[in-house]
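Two complexes are shown next, each including chain A; its partner changes from chain B in the first to chain C in the second.
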Partner chain A sequence: MEKITILEGRQKQIFEKKKGVAQPDIACDTSSLSGSVSQRACVFCGSRVVLYPVADAIHLVHGPIGCAAYTWDIRGAVSSGPELHRLSFSTDLQEMDVIYGGEKKLYHSLIELIEQYKPKAAFIYSTCIVGLIGDDIEAVCKKVAKETGIPVLPVHSEGFKGTKKDGYKAACLALMKLIGTGSTENISKYSINILGEFNLAGEAWIIRNYYEKMGVEVVATLTGDGRIDAVRRAHGATLNVVQCSGSMTWLAKEMETKYGIPYIRVSYFGIEDMSKSLYDVAKYFPDRPEIMEAAKQVVSEEVKTLYPSLQKFKKALTGKKAAIYVGGAFKTFSLIKALRSIGMSVVLAGSQTGNKDDYARLKEMCDEGTVIVDDSNPVELSKFILEKEADLLIGGVKERPIAFKLGIGFCDHNHERKIPLAGFVGMYNFALEVYQSVMSPVWQFAPRKGGTL
Partner chain B sequence: MLLRHTSKEVKEREGLTINPAKTCQPIGAMYAALGIHGCLPHSHGSQGCCSYHRSTLTRHYKEPVMAATSSFTEGASVFGGQANLLAAIETIFSVYDPDIIAVHSTCLSETIGDDLQQITRKANDDGKVPEGKHVIFASTPSFIGSHITGYANMVTGIATQFAVSTGVKKNQFNIIAGWMEPSDMREIKRLSKELGVRIVLFPDTSDVLDAPQTGKHEFYPKGGTTIAELRSAGDSISSLALGSISAEPAAIGLEKSCKVPFETLDIPIGLSATDRFIMALSQAAGVKVPDEITAERGRLVDVMADMEQYLYGKKVALFGDPDQLLPLTEFLLDLNMKPVHIVSGTPGQRFEKQMRQLLDARSPETNFRNGLQADMFLLHQWMKNDPVDLLIGNTYGKYMARDEDVPFIRFGFPILDRIGHSYFPNVGYSGGLRLVEKLLNAIMDRQDRDALEEKFELVM
Partner chain C sequence: MKHAKTATQNACKLCNPLGACLAFRGIENCVPFLHGSQGCATYIRRYLISHYKEPIDIASSNFHEETAVFGGSHNLKIGLKNVSDQYKPKVIGVATTCLSETIGDDVPGILREYKKEFKNGSPMPILIHASTPSYQGSHIDGFHAAVRATVTTLAEKGEEQSVINLFPNMVSPADLRYLKEIFADFQAPVMLLPDYSQTMDGGPWGEYHRIPPGGTPASAIVSAGSAAASIEFGSTLEASKSAAGYLEEAFDVPRYHLSLPIGIKESDKFFSLLETLTGKARPEKYEDERRRLIDAYADGHKYVFEKKVILYGEEDLVVAMTAFLSEIGMTPVLCASGGKSGLLKKRIKELIPDMEELGIKVREGVDFVDIEDEAKVLKPDFLIGNSKGYTMSRKNNIPLLRLGFPVHDRFGGQRMHHLGYRGTQELFDRIVNTVIEQRQNASSIGYTYM
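Let's turn to the complex of A and B:
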């Protein structure tokens, strides 16, 4: 096999777990090297994905057409009601706007949009160019809010002003402006907000249902199947339950400071983590032991049906090897556990946006020989997949065709998932999807497995 | 109903675009650059641009799409992106080892005033470009034109920065591909070969974005126009530019730089446009049209005659890109169908004039608009006011098709939810056959679905 070398200057972001070898810290939280074929995106992308599922607000992208066009309904965040989030709105800035400013156009666009769609609120995303031409979008938003009577919230998501994580923060800042503006009347003491769950393929509904079965009230889901009115009263909840650590921990911390609402971090992937996320919430309400009882009931009922159904997958998949390259590192932890529960080991684990703590924990969790990468690129991914003989890659849209070209299975654990992967039922779906892809008859025709003419 | 809020009443909007029928320049430049062998497209801007373009192209082709980015930071945006680009060029040659880096700009780098010509020259002067390797560039500000403009700009960059005139003419012709699929480019090559004419086709994304499963991830797939071919384009007898918006600028560039005369034609979609293409190429090369091509044409005409009764008078709404919409509209008219609404987000008077000319002669009552606010919201409003039998456009048309319960044919860019466009051409007579088959399937499936039992026909 041809040797694929690692990009110079990238070595510090790659680590192979070996016994008896000094364990350096992985370099992360850095911007990508100029000229790399990075799989990462920008600040705007971070803001857009966090706020996108709020379905009764309009999302107006202030900038040239591209930013609105590329983010038009590409994430399967489903709504049980309004679907304003699935439309694409742009000020489509032109050369003259760049020279003379786009404030007027933004103002008119907003007025037209609000008149047309009667939304509950409006989010205005700044793109790169708005940061340069100096439009005062705060002022425009204020003016429109006053004239229309709905919250009009600027999101400072200029693409170049940091990484995707900074975009998460800009989105959370906008959410913070809404939180605390609604009535908290009649909210139960036994109540939570679900943070960092975006209702891809309806996952938030599954999770919400578990908590409600336990007798816990869910005040707001941020932002899956999101509604402005629910966000406005989120400060009335007793506890914040945070998934997808990268995007929402900042918001949880802010809410803790401002409203005294504590938070816990959870994950809804895999039996182990899913169960824990129910128990951890129940533990928070010790004065009502029924909640813990109900949690146990939910888990035992779900696992009773799930566990036997996983066994046929486990039998087939035992000994198979997986490579994981996803956005946030927190997801990787759950995936490692979930894969182990169906007999698979992980030979490559990486993320686009993990931090030091995440990678330290990854190191602990992984088997020896596992390669850990931060902000990887297709050359590296191919190299490690082939060297480590992985049978499966878990990633997002840009990684899928690479896996298929190499002749291995693939599971989209990003926003192009078509079936819910969260919750107990999600674990079944995940195992099924992995099984179907890894064991697909197509691979016997692929050259890698000797399938030639 | 996803688009339940679309109102019937059409009002002029001051600036707002809803559901765009276009996207921005850089993705076009990236697509064009992928049609050069051994070329790595490079996006001089924020990381997100590159990521979005790669993702969109990947969704459209179900293929890996490689491109690098300057990864702009706040510093670069204040002090200029020269340092980023120079560093990027070094990194790319040392690590990804392409033969060519094709740099395109973005709204960000254009606004801060980065001069790609100057920076790439500096890269050459500073010895950052290894012997035998190349850096080419195209200026592609996102706030002007559309993805089609970006494609045209990069193709022009490719033509003018590679082609050399040695003074000795070669017995070959340039065919400059307007925005079309790898399958279309493959078909153009087949037809030229059938005619016995030697051509240099560029760009050429066949064997790049329709690559076979090999067990390897080829960073630089086998296809793409080679440097040698591009160099020789300056010695070609003449150029045929397929598409006045996406291909002609490159032909003009080549005429200026190497004195290669050119002729502009439509992309050969449908019968008439294919006739013109075959005639132009055979006349330029002084070759006779072989019987096989005449037979191909005959088969298409035969089907058009056989099925005329099912196509006659059917009302069509379509949206997409100029160089495809023109010949497609003409083909629909040749099929005796009625294009009633046409929208393209790509601005430009040239296109407007050409389309108007075609419509004035054959269908003056057709609604047509391009440029600002010519978006899918407007098209949807038009469809509500004057309903159609069929909608043709990219994947985003599926919302309108569903809401209005209208049969829908996917055509254009991007197609995110079907395959086929990479493999089966729309150009040439065989492409015409495929289009007629698609039109008929859509119309007849609907007829079968809706027919009263007594009217449910077996033989159609």
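Let's turn to the complex of A and C:
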């Protein structure tokens, strides 16, 4: 086989855990190398994914058509009520707008869309060229907010001004403008917000249900099944529970500074981390021991039905090897544990946007020989998948065809999934999906397994 | 209620660079390269994957803030170097984005500099540049811009050859394979560009391919300048923007311009042209295909007659489908496109001079909210177009027949045929079956023979 080399300038973003070898810190938090086919997106993408599930706001993308077209209804974030988030709005800037400015078009678009759809708020995303042509988005937003009486929030997400993480921050800045503007009357002392839970395939409902069973009030989910009014009163919660840490830790810290609300990091993937995320919340309310009792009750009931149902999968999957490449590193930790619980080991673990601490922890968790990568690309991923003889790749849409081309199983763990993978029921779905893909007889025809080309 | 409408809502088009990336994917050993932000490449990859289910690497120059201020020259050069080192491509297809176009990067100049600066490094790939600002036109314009740029960069005048250039437009991998089969059966050499029939719909890999096998070799494109003729599909594609137009102007290669051959009449035109150009009669196999299609028309005509259809998609596809539907007695009550060539109505009128009397309405530059507003009034029996019409179809309970690009909520979009007798047969079968299924479901009796 042709030898695959790593791009110069990327070596420091790759690490293989070996005994007796000095363990340098992995380089991360850098922008992608020019000419590298990064699996990352841009600042706009970061903002768009965070705010996307807010279902009673309009999301207007200010720029040429592409950015809005490629993000039209692409996520599995579901709503229990309004579904404005599933529509795609763009100012569709044309050459003349680029020359003479797009402010007027933005203004008229906003006024008309607000009139037509009666949203509770509007988010205006600026794309690459908006910064260059000098549109004063802030001024237009202020004017429209005044005229329509709803919050009109600029999101400064010009694609090239940083990485996806900067886009998360821009989105959180917009949310911070809303938080604190609603009434906190009647909010229980035993209350939380769930941050970084996007209600993919209804996952937020599953999680919310567990907490409610424990007697904990969920004030707002940011932003899954999101509503503007809920966001406005989020500052009334006692604790912030941060699930997708990459996107929402910044917001949690801001809320801590501004409103004195502490936060904890949790993960809802896998039995171990799911249970811990209930216990950790219960621990936060020691003056009401019933909450911990109820948490134990929830876990024991769920595990009682879940555990036996996993054994079939575990039996089949024991000894199989997985590669993980997802957006945030925190999810990688949970996935490693979840995979171990069904008998699988991890030979490659990586993320688009992990930070130094994340990678330090990954190194600790991983077995010897496991490759750890930051901001990888298809060439590298394929190289390691083949070298390490993985049986499964966990990733998103862009990684899926790589797995299938190379003849290995795939589990979609990205924003577009249609089956809930969070919670106890999610662990069952996860194991089932992994089992169905890894154990499929179709791989017998893959060249990797001796099939003819 | 009608609303004033400045914003585009649920667009019926994609952006310029997407088309360019797909076209570059149809050149052998070529890496598409977007000069702009990282997101453009990633979104476009994701979007193409949802239809083709194939890995598609698109490199990016990854603009940063300084790049936007000081120009993209440095990033573009580093990017080209990195892609050359890692992918070892024969060709790099550089398409611009709204960002690099707005800051006014002189891409041809930068490419010239790059060739000078790095001439002693690894083998220098052929560098093609297509100008594809997203604030102009739509994905189909980017597609044609990339094909034309490829020919402009590579084609040379040589001794005249019998080869025929075929510029097929943005059609499916299955269509491309069918076109190649036709030329092979005519025993006529063809330079098909682009040809992503294998790169976007290929087999499994035993080892990692940086660039998937397949595509039109650069050497074949070089001789496009000495071809006997060019055939170009796409009735709204003007010579000034097309590859065949360039070859005619620069090298006197005659340009034969046809609509996408869908339906019997348009397919006949294509086969007749092939007979003229090659001096050979069409092989019996295609006579058979044609006969079976006519027979099928007879068997199925009652199901489809006077059914009302809303048709949407790229303008050329809409024109071609209109021609086909009208020959089977269906009425496209609305022919709609997000594209805006200014030619859509003219071309449809040329095909169907009495279009107004038949109740055929044409609208270009529309989005799906406009189309849905029309649907509420026109009450069509069918929608025909890409997957983007699904929301409207579901909401208004109108069946959707999927074709073209993208098809991301059904399996096998890349293997759908549209062109020639074979493609028309497949489309006709699917249309008839859609009617039958609808009738069967609506029937309280549950007929088992329909």
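Everything below uses one rule, namely that the second predicted complex is superposed on the first by the 451 of 453 C-alpha atoms of A that agree within 3 Å, B and C clash if a C-alpha of one lies under 4 Å from a C-alpha of the other, contacts with A are read in each partner's own complex, and residues count from 1 in each chain.
One rule holds in what follows: a residue touches a chain if its C-beta (ideal position, glycine included) is under 8 Å from a C-beta of that chain, and two chains touch if they have at least 3 such contacts.
If you're wondering where the values come from, they're calculated on a predicted model, not measured in any experiment.
After superposition onto chain A, the modelled positions of chain B and chain C overlap sterically.
In the superposed model, A:P378 lies in contact with both chain B and chain C. Contacts of A:E185 after superposition on the shared chain: neither chain B nor chain C is touched.
When the two complexes are overlaid on their common chain A, residue A:D287 makes contact with neither chain B nor chain C. Once chain A of one complex is fitted onto chain A of the other, the partner contacts of A:V397 extend to both chain B and chain C. Chain A residues 5, 7-9, 31-45, 63-72, 74, 86-95, 97-98, 105, 108-109, 112-113, 116, 127-129, 131-133, 159-162, 378-379, 382, 397-398, 400-402, 404-407, 446-448 lie at the interface with chain B in one structure and with chain C in the other. Against chain C, the residues of chain A that register as touching in their complex are 1-2, 4-5, 7-9, 31-45, 60, 63-74, 86-95, 97-98, 105, 108-109, 112-113, 115-116, 127-129, 131-133, 159-162, 377-379, 382-383, 386, 397-398, 400-402, 404-407, 445-448, 451, 453. The touching residues of chain A, counted against chain B in their complex, run 5, 7-9, 31-45, 63-72, 74, 83-84, 86-95, 97-98, 104-106, 108-109, 112-113, 116-117, 127-129, 131-133, 159-162, 378-379, 382, 397-398, 400-402, 404-407, 446-448.
If you check the complex, the residues on chain B that touch chain A are 2-3, 5, 7, 13-20, 22-27, 40, 42, 45-56, 58-59, 62-74, 76-77, 84-85, 87-92, 94-96, 106-108, 111-112, 141-144, 146, 211, 213-219, 345, 372, 396.
Chain C contributes residues 3-11, 13-18, 33, 36-47, 49-50, 53-65, 67-68, 75-76, 78-83, 85-87, 97-99, 102-103, 133-136, 138, 203-208, 210, 388, 391 to its touches with chain A in the complex.
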